[in-house]
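Going in written order, the chains are labelled A, B and C, and every chain counts its residues from 1.
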Amino acid sequence: MHPKERRSALNRRDFLLRSGGAALGLSSAGGLLAACGNSTTPTATTGSNGQVVGPGGYRLARPDQPPVLLKYWEDPIASNLPVETGGTFNIYNYPQYLDPAAMKAFGKKYGVTVQLTSFQDINSGIARLAAGGVHPDVMEMTPDNVERSVVAKLIKPLNLDYIPNLKNVWPSLQSPFYDQGSRYTVPYTTYATGILWRNDHVTEDIASMPQPWDIFWNSEAYKGKVALLTEPRETIAMALLRKGIANINTEDPKLINRAVADLKQLNSICNIRLDDTQFQDVPADKTWLHQAWSGDMLVGCLDYYTFSPKGATSKVLSYWKAPKGHVPVQNDCWSICATTQKPVLSHLWLNYINDVKVAKSNFLNYNGYQPPLSELHPDTLISDGTFPEFARDAILTTEDFGAGSLQEMTLTNAGQAIWQNGYAAFTAGG
Amino acid sequence: MTTHASASERQSFNAWSRARGWLGNPWGRPRFLPAITWLYMVWSIVPVLIAIQFSFNNSRSLTAWSGYSTRWYWGNVYSVWGNTGLHSALFQSLKLAAADVVIATPLGVLLAIGLARWRGRGAGSSNFLMLFPLITPEIVMGVSLFLVFGHIFTVIHTSTLAQILGHVTFSISYVVVIVRGRLFSIGRQYEEAAADLGASWWHALRLILLPLLLPAIIASIAITFAISIDDFVISYYLSCGGACDTVPIIIYSTARGGPQPSTNAIASIMVFITLITVVAGYLLYRVFTRGESGSGSMTGDLAAFDL
Amino acid sequence: MYPKWLWSSFSLPGVVWLVLLFLVPMYAVIGVAFGSVDPILQTPLPAWNPLDWNIGWMDQVLHELAPGGIYWAAVVRTLWYVAISLALCLLIGYPVAYYISRHAHRTKATLLILLILPFWISYLMRMLAWVNLLSPGGYADTILRDTGVSRLAVDLGLITQTNWLSGQSATVILALVYGYIPYLILPLYAALDRIDKSHLEAARDLGASPFQAFLRVTLPLSKTGILGGSVLIALPMFGDYYTPDVISSAPSTTMIGNQIDYYFHGGPQPTVGAAITVVLSIFLTIMMGYYIWAVRQASKQLETL
């Protein structure tokens, strides 16, 4: 088992929160149904000055727009408070997305028992937190869910005095566009979406094709060995990007329907499969051509899954991602839950996880997802032999993020429903 | 449709005449029937045996055998023993199955007796209701229980308790069907005889009916245990996350997420445990049915499974 | 001897349990299907009072389940998969149940144990076994390839390529048969085992050939078993989603259960998942009603036999 299992369909549907009330107007990928809607709390999709707003009422966060400043719903805790000790410290996260050794060491350092409560996907995790089913101290968070979690008062504001290690991360993520001033989140991991393939089977030079995504629509020869991620946002975004549409947060039903129609062609072209096991199946020769995250290439190079000496199978792996502005990049975060009884210790966890040594070890020994540490530069990771030269494209830098980058971000309620139904139409086959 | 082999047939070693005989009379001495039956048995069992074999593989391959090893059972962090997630799933599965048996068996036995003999208002619709959990797809029950614990019985929420309640709900009907089958086959003459001899209803129940039902009760325990261990969807929908994961949930996520021999190992351990339980149950059954001649077997009671 | 209230009070705990944890949950699905969704937390806001029902979701779902809708392909596929799997289960299961009940003597106990054994092996373990066997280089894959069966299956159009795990309908159907057949054979066996041998002897005495005797006596007498076993496997199969997930994971093999499951894994429309569940349940209730009617008819026929 591997951290990346959290990416399985079981664990994650990359959907943000959307509501029925507003979504009802734009029902299916096919048609428009105006018949319905008696939601008790309809959400406006436009704010006072005509901007499109998310479920929490804030302007939709986008990397190329001014950052969103989230209001404090309570004051952050004071500085220099004593650290709480004893008892348990509860971490709320995807399963297998954090090195147990890191948790154990943290517990030892502060005299607490560290316990992991896992959720199957971030949406159900947030819903359970809201329902009072769990009482964690800290939780893994995704940028597209920050706004609603703050508005629902599920996560607490941060006092950055406790988190000096924030300076270790890329400048672009020290004050990210979705949470200006890191008021509620600190970053955790980063990844980009591209193509991972076996160069011993796939003969095309994918990276130099005019539109590399076209390879999936020209993969008759690899039928049965071709797969996409089980991620609604990723698959439809890929089809949009292939047609030159860089707005991967579009809510235009026409564009999404066309992308879905394009994806459906893959059924007959290569009998496309959907799974999130690329990190294992491509190195193991089960899949030859797979839409994949950059971390999957890195994991492949570390030979976690072949149980062979490092570098033994990685020579046959190739990875491509589009240049900035054409490639979707994502990052995950940590937040402090409003349910915490140990606010100071929770701050120290957020600091601890961005400690260079801890983050690096979590990355290279367990998780496989790259933390956004300034120290982890492609040049050094390659020159010290951690990764081979041909994996360079899979290692991200601060330049990959920020203005001009594409990030799958919050959609309005209505837009969310269009994406969801579009993916349903794709997965229904036919 | 005779079951006795005639002398002439026994002597017909000639393949042609046998084939001709079969064509002329396909149901006479059905040699193809045992062939199909044994092929079916091989087909149904051997894949699982191979899966168990690969849990002892010395490499991480699930397709190429590279020698015997228990490394997927204990030792490193990839083994069942070394991976907390895996062995906690094992305990969770057993916990759910045990609770299911303890709750569903008495409920089901009472319901079976009640439904078989209750003739008042509501008896018909109760009988009808009892059938539904048997034929309702797991996803429908999973979703409905998930929603009921999320919106009506909100104290329970998704939890181990929710999982137990869910398992009992789909198990009761199996118990009812098995016990009812036995009830019908034993008839009422023993109890009537007891009544003639002056037994009170309580004595008739405790001293006559209960002992007579015991084999079916043990068979129900075995089947309840089995279907609880088997369940994936309801456990999954009512899961509270890592601590509520059962073995089938682990198998599902790893079968999709790239299976490893440790997955086979945990599934194999599950098979071993259930088989031990079943054998224990069988021995118990033998103890209870001592002296009862011609009453069939536990398999017979199980096989009497009939809607 | 037994007091009048006894049997109804025996039934009471079980019936209450089923009402609270089977019927009430079904109503919860209906409430959600006709309700709305919390805009912030994405959780359903059920409408318990039918006067407050919002039929928009159901309208949308019915529209998309119909020809031309986005789920239509999955609906058609589900019907086919269930029909073919059921037919194959009966084709394999009937002779097996028949043989064990009628002809196996010394081996009967062993066969019964083997028959019941799959019940104690988790469904997903049995699926996992096939994933291993059929993956490239696995035992079954190798045998099927070397014997030319894979090639033949491609030539016959059963599968589109020799890789059985590459999203093939045939593989999913075989997996469904493999997974569900034990639940069919047991009721079939029970029904066949119950048949009074004297009926058959009478038929033979009246001059029926064994085949005629089978057709005119055994088959009609086992009709309730066939029907019972069939509903016991076919109706649950309509809601299957994990089999295609584990054995194929291709859009070309998804069933309607996959769509329900999908809408319950986050997203703005758990209501859609609930509405599809309601439609599926209504369909299954109708099928169940048909089953009960057919069993009544069958037993009436038997009385006149």
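Following the convention adopted for this analysis, contacts are C-beta pairs under 8 Å (C-beta built on N, C-alpha and C of every residue); 3 or more make two chains touch, one makes a residue touch a chain.
As the structure is a prediction and not an experimental result, all values here were calculated from the model.
> Which chain lies at the heart of the structure, taking centres as C-alpha averages?
Chain C is the most central one.
> Pick the pair with more C-beta contacts: A-C or B-C?
Of A-C and B-C, it is B-C that has more C-beta pairs in contact.
> Could you work out how far the Cα centre of chain A sits from that of chain B, in whole Å?
41
> How far is the middle of chain A from the middle of chain C, if each middle is the mean of its Cα atoms, in Å?
37
> Could you tell me the distance, in whole angstrom, between the mean C-alpha positions of chain B and chain C?
Going by mean C-alpha positions, chain B sits 16 Å from chain C.
> Please list all residues of chain B that touch 2 or more other chains.
150, 252, 256
> For chain C, give me the residues that contact two or more of the other chains.
Expected reply: 43, 135-136, 245, 249.
> When you check chain A against every other chain, which residues touch at least two of them?
9-10, 120, 131, 275
> In the complex, go through chain A and note every residue touching chain B.
Within the complex, chain A contacts chain B at residues 1-2, 4-5, 8-11, 95-96, 100, 116-120, 128, 131, 133-134, 275-277, 280-281, 284, 305, 307.
> In the complex, go through chain C and note every residue touching chain A.
35-43, 45, 47, 52, 54-57, 59-60, 63-64, 68-74, 76-77, 135-136, 160-161, 163, 165-167, 245, 248-254, 258-259, 262-263, 265-269, 271-272
> Which of the residues in chain A end up touching chain C in this complex?
9-10, 13, 15, 17-24, 27-31, 33, 35-43, 55-56, 120-124, 126-127, 130-131, 148, 151-152, 223-225, 230, 264, 267, 271-275, 285-286, 413, 416-417, 420-421, 423-430
> Under the definition above, what is the set of chain C residues touching chain B in their complex?
1-3, 6-15, 17-19, 21-26, 28-29, 31-32, 43-44, 46, 92, 95-96, 98-100, 102-105, 109, 111-133, 135-141, 178, 181-182, 186-187, 189-191, 193-194, 200, 203-204, 209-211, 213-214, 218, 225, 228, 231-232, 235-242, 245-246, 249, 257, 260-261, 264, 273-274, 277, 280-281, 284, 288, 292
> Can you list the residues on chain B that touch chain A in the complex?
59-60, 83-85, 150, 154, 157-159, 239-243, 252-254, 256-258, 260, 262
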